[in-house]
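Residue numbering begins at 1 within each chain, and the chains themselves are lettered A, B, C and D in the order written.
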Amino acid sequence: MEVTLLVQATDDAFRTLENARQQAIGLLDTAVGLTAETRSVQKKNIQAIFRGAQETRSKLQNFIGTFFLMFVFWVLLSGRFDTFHLTLGIICCLFISLLSYDLLFANIRIGDYGLVVRRFLSYAPWLIYQIILSNFHVAALALKPNLPVDPHVMKFKTKLETDISWVTLANSITLTPGTITMDIKDGEFYVHALDKKVADDLDTGEMEDRIAHIFMEADHIYVQDALDVARIYGAIR
Amino acid sequence: MWPEYTEQSDNFGGKNKMIRVTDDVIIKTIARVLTPFIQVYALYVIMHGHHSPGGGFQGGVILAASLILLLITHGWAETKKKFSETKTAVFCAVGVLIYTGIGVLCIFMGGNFLDYGKLGGLLMVIPPEARSLGILGVEIGVGITVMAVMFSIFFDTSTGGNSPEDETTSSLR
Amino acid sequence: MMLIKIIAVIFMLAGLFFFTTATIGLLRFPDFYSRLHATGKGDTLAVFLCFLGLSLYNGFNLTSLKILFIAVFMCLAQPTATHAISRAAFRCGLKPWMKEGENK
Amino acid sequence: MHEFFLSTSILLCFLVLLCLYRGTVGPGVLNRIAGISAIGTKTLVILLLMGFIYDRVEMFVDISMVYALLNFIGTLAVAKYLEIEGEV
């Protein structure tokens, strides 16, 4: 009886160990995949810089990109597809592209845009979920008779680098539960929170990590994750 | 906890504060992204004035609004590259010239002032189409003038009549 | 066809609910920053939901795409405007309202 | 469906009145701006609903978009003005 129990316990232990190993392998694969993805983009960046390409796009590329985007927008607005209106649209879009070709695509790094867009689209559902959550939070606060708000101001230093990721982070903070970006000064975000709890939630930095993941900045976290998992994996073996 | 804005004087003091570049990266980036869309929309309002609401005046105001957005977020130094004071004056005049030119052309073709139907002989189209094209031309002229005048009104009221170049030279003395 | 109409009405009712709570929050919250919480978040989602419902009701054409474009534009513009106002207040030195005993 | 749109517009108009309280009474300039900006977003929806009520959506969509643009630019301009004035 005791022997069977012992065998069972050992079995369980082995099964747990095996599960942990499988999980570790999965984590390692994910981390390695993420790192490889990021790495390939970085390699492309470095190659582009070494090939003599500019860090940002050239004027002509900006002009053509702006022109096509504006023309699509014109067709969406106009809704008339006869020759006269399309010609008018081409003239207008040429004028606009001449006037402001350096506005729309300024400060964009050379890299894999498809990857950024895909990652952003996978980030959007989480953001929408957070927005809906935040609205219910504010609604509940506004409708409660005793008005349980307890505002806090907190500041944190961000690890993001480019302005487009700052903008994404700041607007996401403004849209998600109970927090508003009040000011950005020297890379420090001053955030007004309605509640102690949401302030703590923001402090965990989940959103920042996600945005760093989208724009492929601060990549060292992912490398560090992979190394950690590899160490655990080696220990288990 | 609270940031000290003791160095306010560089960004806050002095004259012409309204047309200084803002140091907020969020407002700058959003304005940068939205400006071309607003401009295309303004041109759409001008060009489709005879099908949908709007026309020269409204489109010109929206175009001026996009330039004002650029002016209050990116500052005068950046906006000057696109729309300088000289260009403002020239555009004011050109818009009125287009408007009056079309009107007077109608008189030369044998009609009244702004009698677009008479332009048909010149453009080699039937009178209704000539009327449509004439209205389009007049609206473009009105739009250009309204944009330039609106922009210069905002510029002059926000600077109080002092040109930013004057200020930089006078502060050196 | 009926189903799409029902979904559109549900979206619009949700938008109205958030409009109402945002307005109540704007009226009831104790200080300026917390009022911005109400308008900045509530109005964004409410406008988005209302426009989504209206474009669903309108069917699939260019006008619906325009309505959706306004919705996306509002999602970009509303947080930025909120940030601009709150930044102006912050730089002017307006201190947020805190609960008693927590004055910093 | 038109009745639903009409009642929605009336409710929104009522909410605009409530926001107008914050826009007229609210202590300080900043509260007034917050109230006016809230009115602006509600007006967008009211304009579009008017389009559905009058069956001229493609016309009112343009007006609504202009309103959105000008509301945004106006808020930014007023915020910048207050910021450089430095007083609440």
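Heads up, the rule we're going with is that a residue touches a chain if its C-beta (ideal position, glycine included) is under 8 Å from a C-beta of that chain, and two chains touch if they have at least 3 such contacts.
Quick caveat: nothing in here was measured; it's all calculated off a predicted structure.
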| item | value |
| --- | --- |
| Chain whose Cα centroid lies nearest the overall Cα centroid | C |
| Higher-contact pair (C-beta pairs counted), B-C versus A-B | A-B |
| Separation of mean Cα positions, chain D and chain A [Å, integer] | 31 |
| Interchain centroid distance [CA atoms averaged], chain A/chain B, Å | 37 |
| Length of the line joining the C-alpha centres of chain A and chain C, rounded to whole Å | 22 |
| Shared interface positions of chain B, touching two or more other chains | 1, 24, 26-27, 30, 33-34, 37, 41 |
| Two or more partner chains touched - positions in chain A | 77, 79, 153, 170-171, 181, 183, 190 |
| Shared interface positions of chain C, touching two or more other chains | 22, 36, 63, 66, 69, 73, 76-77, 80, 83-84, 87, 89, 91 |
| Overall pattern in which the protein chains touch one another (line/ring/star/complete/other) | other |
| Which pairs of chains touch, using the document's own definition | A-B, A-C, B-C, B-D, C-D |
| Touching residues (chain side chain B, partner chain C) in the complex | 1, 5, 24, 26-27, 30, 33-34, 37 |
| Complex interface listing, chain D residues touching chain C | 1, 4, 8, 11-12, 15, 18-19, 21-22, 28, 30-31, 33-35, 37-38, 41-42, 44-45, 48-49, 52, 57-58, 61, 64-65, 68-69, 71-72, 75-76, 79-80, 82-83, 85-88 |
| Chain B-touching residues of chain A, taken from the complex the two chains share | 66, 69-70, 73-74, 77-78, 80, 85, 88, 92-93, 95-97, 99-100, 103-104, 106, 153, 155, 163-164, 166-167, 170-171, 181, 183-185, 188, 190 |
| In the complex, chain C residues that touch chain D | 5, 9, 12, 15-16, 19-20, 22-23, 26-27, 32, 35-36, 39, 43, 46-47, 50-51, 54, 57-58, 63, 66-67, 69-70, 73-74, 77-78, 80-81, 84-85, 87-89, 91-94 |
| For the chain B and chain D complex, residues of the former touching the latter | 8, 12, 17-18, 20, 22, 27, 31, 34, 38, 41, 45, 52-54, 58, 62, 65, 68-69, 72-73 |
